[in-house]
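Note that chain A is present in both complexes that follow, paired respectively with chain B and with chain C.
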Partner chain A sequence: MKLKTFFQFTAPSNLVMVALMIIPLGLAIVMGANYITYATFKEPVFVGLSNYMEVLADPAFWTAFRWTLVIIVVVVPAHIIVAFVGALLLDQVTGWPRAFYLAAMLIPMIVVPVIGTVVFRQLFEPTGLLGWFLRAVLGGPFLFTETSMKVLILIHTIWISSPFALVIFFAGLQTVKQELVDASSIDGANRIQQIRHIVIPHLRALFLLNAIIAVMDFFRLFDNVFVLTRMNPIFHSDTLQTYLFRMAMTVKRLGKANAGAVLTVLLIMVVLIPFLILLYREQTEER
Partner chain B sequence: MQPIKNPIGRILIHLSLWVIVLSSTVPFIWTVLQSLKTKKQANARNPVFWFKPTLEHYSELWLDSVPDNFTALAFGLIAIILALILIRVFAKHLPVSRWVVDGFIVGAIVLILWAIPSLVKTAEFYDYFVNTIIVATGVVILSISLASLSAYALSRYIGLAGVGLLLLALAIRSLPRMAFALPYFWLGQISGLYDSYFLVIITLVAVNLPFTIYLLRSFFMDIPREIEESAMIDGASRLGAFVRVIVPIVWPGIIATALFTVVLVYHEFLLVRILTLTNWTLAVAMQQFLGGISDSGSLPLKSAAAVSAALPLVIIVLIFQKQLVKGLSAGAVKG
Partner chain C sequence: MNKKHYLLSLLLLGAIVISACATATPEVVEEVAVVDPTACNVDPPDAPVEINVIGWSFEIMNFYAEEMEKCSEVENLEVNVQLQDFVATREAFNLAMTGGDESPFDIMHVSNPELNEFGNNGWLLPLNDLIDKYRDEYDLDDIADVSWDGATIDGVIYGIPATANTLHLAYRSDLLEEYGLEVPTTYDEIIEMCGVLADAPGIDLPFTMDVSAGWAWEIEFLAFIRSFGSDYLNADSTVAFNGPEGVAAATKMKEVVDACMPPAGLQSYYEETEVNINTGTQAMVHIWASNTVSMFDPEQSDFADVIKFAPAAAPKPGGLLGGSAWHDFYTIPATTPTDTDLIFRILMESLDRTSMLGAADLGIVTRSSIDKGLPNLAAASETIANGVGIYDPNPATSLAQAALWNWLPFIGTGEMTPQEALDAAAEEYTAEAIAQGYLP
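Moving on, here comes the complex of A and B:
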């Protein structure tokens, strides 16, 4: 295919991506430099960089950033381990049991996240199954406190993000070369050694892929934190996204929220650029 | 890997799988149970496991008033849906082309949705359901037609521009929703498009386009170049070859991608929450239903709402499980 044809075919979607993504992003930068509230929608006041400075000086922004980082550091490895073990187990069964197990495991990913989270929270409420169970085990009622809420957020994030990684690992496991595994068992390698020295190196790219997708997704974690905490500030569980939502919708400072959003994009890009370079190298080497 | 043969090992594998299965499904099983209880049973401090199920909360949720011939209507609806599923499953054996079958099914669904409010008095929940379908349809049509052209070009063009475009799409995919939700919110307020289907649809198209392109590209890469080359030797233009030869071959991939788009639209919460006031999709309506303080409102009604909103998607995905898993892993494993 010629470069000209390539551009003709990609033109419609490129136009849409530029018009609907890049321009709003530019608008966000501009809006970040204005003082806008709901009362003054149509007459924004230009304030230069002061919104950006205000966000950078806001301890709540940095608390949200730290909590987002904690989620990433805990959940990325944890969900990869859960998903990898799950995929190895699933690979051991065949036929209709495999289809059944897989279908059941996909449920947390398929159900609308907001609903999945509501359902998850209900389980821990006094009328819920685990609320009752924990009451029996702990001897007192299970309460939503800052600590228990943060633990719940971590568990829920693992719960909701593992199925996707599991599907990816499972597909990867189907491409492991059987001859290699057979040869290694003739040489006396046991199953753990086979997994360590054959399977994991073979799936290295998928570990990286799952980690990157998870980092991207956890940076914009919103739905489950929003529903679990009901935006109640006593839990001190704001992520970057719920912080921005609060700034825009509760505090009603649109300009400041936009400034925060732009700064978040910058933070994400800093994390992502090394990976993009890596991916670019891999892609160009292939050709 | 070869399967473990040792019987104790087999038992341990199945037990561990059951642990994962249960932790994935127990919250939903519990909610289904709650939705079938009376208010008193659902609020009991010690869970009630044996009870006479009731469907009153579902009819309260979906209907303003229950008509006399309700059972007949409900069974009629279920029969029609089953018939449509059967037609889709056995489409291969019918004497007409797949396009006709898919078109017929879509037409039938639209007709059913349009006819229901004139047969029974539906509640607000039904409107949110229809909203979700309207938005999902709009997003699927727009994003698939835009993305398939682009994805085809990306699968055929060898050069740096292609890599650059893929990386740009990936970078756009990683943007946080809040970065463009607020500009859209502002634009919507200024232009008066706030709370319209149009604004929600174009926003969701923009958000999902990169992912759609990635997914479709992996399906197009499966098709050998020789196919359209021979069509082009016969005198077709590249666009003509694409529309008449490539698209029919890649149709199952397009269906899988469309399903993914439906799932993503159905899941979208933050953007719809910010861009609408009353024209909510189910995800947003659910949060309004279920939010608030846990003790206000009826617990089984909330549970019925959660089950009702979650079920359509679960059914769709279970029917198309194979295509979805294939689609998810295709892009990832092939890179």
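Moving on, here comes the complex of A and C:
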């Protein structure tokens, strides 16, 4: 395909990408190079890279980065496993029960994130159902400590992120060739072997796709951490986004917060590179 | 499709159009009928004017908003009220004030921190002239001085006080009687009371103040440090909160936490303690006056008949009472393109004496002549009058607050001593205050 033709075909999506991604990112880079607060918004002062250096020298930024990485390392595989198992089970169901179970499994995606998180937190409070149950089991009230809060954040993040991955896997399962499965049955393969040697290889690209989307999503994790922790520092649970929120909203350093946002984009790209290389190889091999 | 189908389709379409017209008319009639055209006494403008109001939603402010909306009945006048949650409203303020030359809003509902910040940034219209002009017509001297104080920065008034709020005590009077306890007037007495009630059957928490988040700690700390005779910052914006009074205040808070709030109490927030009191698992709470409405209601509270209210206790014996004079105000953005005289009259129509009489059933109003109100009115009013006031309007105060949010909670968990936590907050504040030009 000629380069000109290629650009003609991709022009609409290129325009959208420029308008919604490149221009905002460019603005963030420029704002990150200026000293701006809400009071001085219309009179920014150019400070070069000092905001970027300030963020990089801030231990709180690196603490938030480390916790964000922990979330990614734990939740990406965990939610993929949950979603894949859920999709496999759903694939075994036919007729109206399939629609019912699918709808039930999508509830975390349908519920407004903040409302869902408030309800989730209330479950563990002394007046909540699980709080009451844990009190009965533990013999004392369930306490929000650094450890228990971090565990709750991980569980909640798995809960909210699994349905999307499940839908993707479920769609992928519909493309598995039934002849292959039937042939493997004749050859004596059991269900586990079929999943391992037919289904998983067939869905390899989707595993990667889900992982890439999740990594990007978890770098932007905000709502549930904000609501669960109530931004209480004793939980040491700031993610990169809650750190940036503090910077922009409580300290009112918009330039510094933008510098942090740009650095976050760079970090996302660094973390994503191995996934993107794998996906590229996957696609090339398929061709 | 044959002719019969075409005919049927046409008939169906006709029926839909007729039924749509038939249902539309009564709705319009009904809407006109419920509005009281005499409620808003503003002269009609010569040309159509649209007034946009923004704020966040809670009962008494919703009531004022409805009063304002009645001005839409005046010819050529349309009042649009946009009520959201606080965070969304705050975001809309920032966008409106920083985004363009003209404010999209004509009236903004703010509370003390926003009034200080926006007033210091030059975003709000000084109202002194308009207040003088309409002082008699709207009996503006009826609004309490303590309320005007919160609206004033360096003698310039930026807001009309709409409602007041403070932290006072709510308690189970039956329990105090049973154990022979007087209502505490100091935190030392509260600590003693906690010792007595620690083993009371069914009581999980003798007393709580909200320290469930950094900002909650900081609100309580303001009450304690002011009562101990100090403040967050000195006049030159240098740190004062880690001085001896600040350390004594934080130490007293820690003593209260240790004596009254076993680990579960550290995570109790206002709404949760409201439930605790209503269900009988807590004896006393230091709580916002606006969070107590359920306590008067027998349908919501199992102990509505025995829950009583008292002014906030004094953190330091003989010092100021431990409750602030928090207010919500209506303000006018400095960059509004609309006639400010008209805007002022519309907002005053919602805050005149008649409106406030109606609002008094929903919260604490700011007119001194109105003495009717909720059962906690006396306790709240005394706390506001003899309490610690409100934040210093120094623009650097918000940075001090932000630093305290990040460090005070570690006093509660014992990870830091009061001195260590306050020094860490002071260091953080100083660095940021220098970066933002408040300190050399």
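Points to keep in mind about this one:
By our rule, the second predicted complex is superposed on the first by the 251 of 287 C-alpha atoms of A that agree within 3 Å, B and C clash if a C-alpha of one lies under 4 Å from a C-alpha of the other, contacts with A are read in each partner's own complex, and residues count from 1 in each chain.
Simple rule for what comes next: a contact is a pair of C-beta atoms (placed from the backbone, for glycine too) under 8 Å apart; a residue touches a chain by one contact, two chains touch by 3 or more.
As the structure is a computational prediction, the values presented were derived from the model and not from experiment.
Superposition of the two structures on chain A leads chain B and chain C into a clash.
When the shared chain is aligned, chain B comes close enough to touch A:Gly172, but chain C does not. In the superposition on chain A, A:Ile80 makes contact with neither chain B nor chain C. One of chain B and chain C touches more residues of chain A, and that partner is B. Of the two partner chains placed by the overlay, only chain B lies in contact with A:Leu27; chain C stays clear of it.
Once the two complexes are overlaid on the shared chain, A:Val251 sits against chain C while remaining clear of chain B. Contacts of A:Thr127 after superposition on the shared chain: both chain B and chain C are touched. Applying the stated contact rule after C-alpha superposition, one finds that A:Ile234 touches chain C and leaves chain B untouched. Applying the stated contact rule after C-alpha superposition, one finds that A:Pro108 touches chain B and leaves chain C untouched. When both complexes are overlaid on chain A, the residue A:Thr37 reaches chain C alone and has no touch with chain B.
In the superposed model, A:Ala99 lies in contact with chain B only, and not with chain C. The superposed model built on chain A shows that, among 130-138, 148-156 or 274-282, the segment of chain B colliding with chain C is 274-282. Common to the chain B-facing and chain C-facing surfaces of chain A are residues 41-42, 125-127, 230, 249. Within the complex formed with chain B, the residues of chain A that make contact are 1, 3, 5-7, 9-10, 12-14, 16-17, 20-21, 24-25, 27-28, 31, 36, 41-42, 86, 88-94, 97, 99, 101-108, 110-116, 118-120, 122-123, 125-129, 132, 159, 163-164, 167-168, 170-173, 175-176, 178, 181-182, 191, 194-195, 199, 205-206, 209, 216, 219-220, 222-223, 226-227, 230, 240-241, 244-245, 248-249, 254, 257-258, 260-262, 264-265, 268-269, 272, 276, 279-280, 282-284, 287.
Taken together, the chain C residues at the contact with chain A in this complex read 90, 94, 97-98, 117, 120-121, 204, 212-215, 263-264, 267, 269, 272, 275-276, 279, 395, 398-399, 401-402, 405-407, 409-410, 412-413, 415, 432, 435-436. Within the complex, the chain A residues that touch chain C are 37-39, 41-42, 125-127, 141, 143-144, 230-234, 246, 249-253. Residues of chain B that touch chain A in their complex: 1-4, 13-14, 16-17, 20-21, 23-28, 30-31, 34, 42-47, 146-147, 149-150, 152-154, 156-163, 165-180, 182-187, 189-190, 202-203, 205-206, 209-210, 213, 238, 263, 266-267, 269-270, 274, 282-284, 286-287, 290-291, 294, 299, 302-303, 306, 309-310, 313-314, 317-318, 321, 325, 328-329, 332-333, 335.
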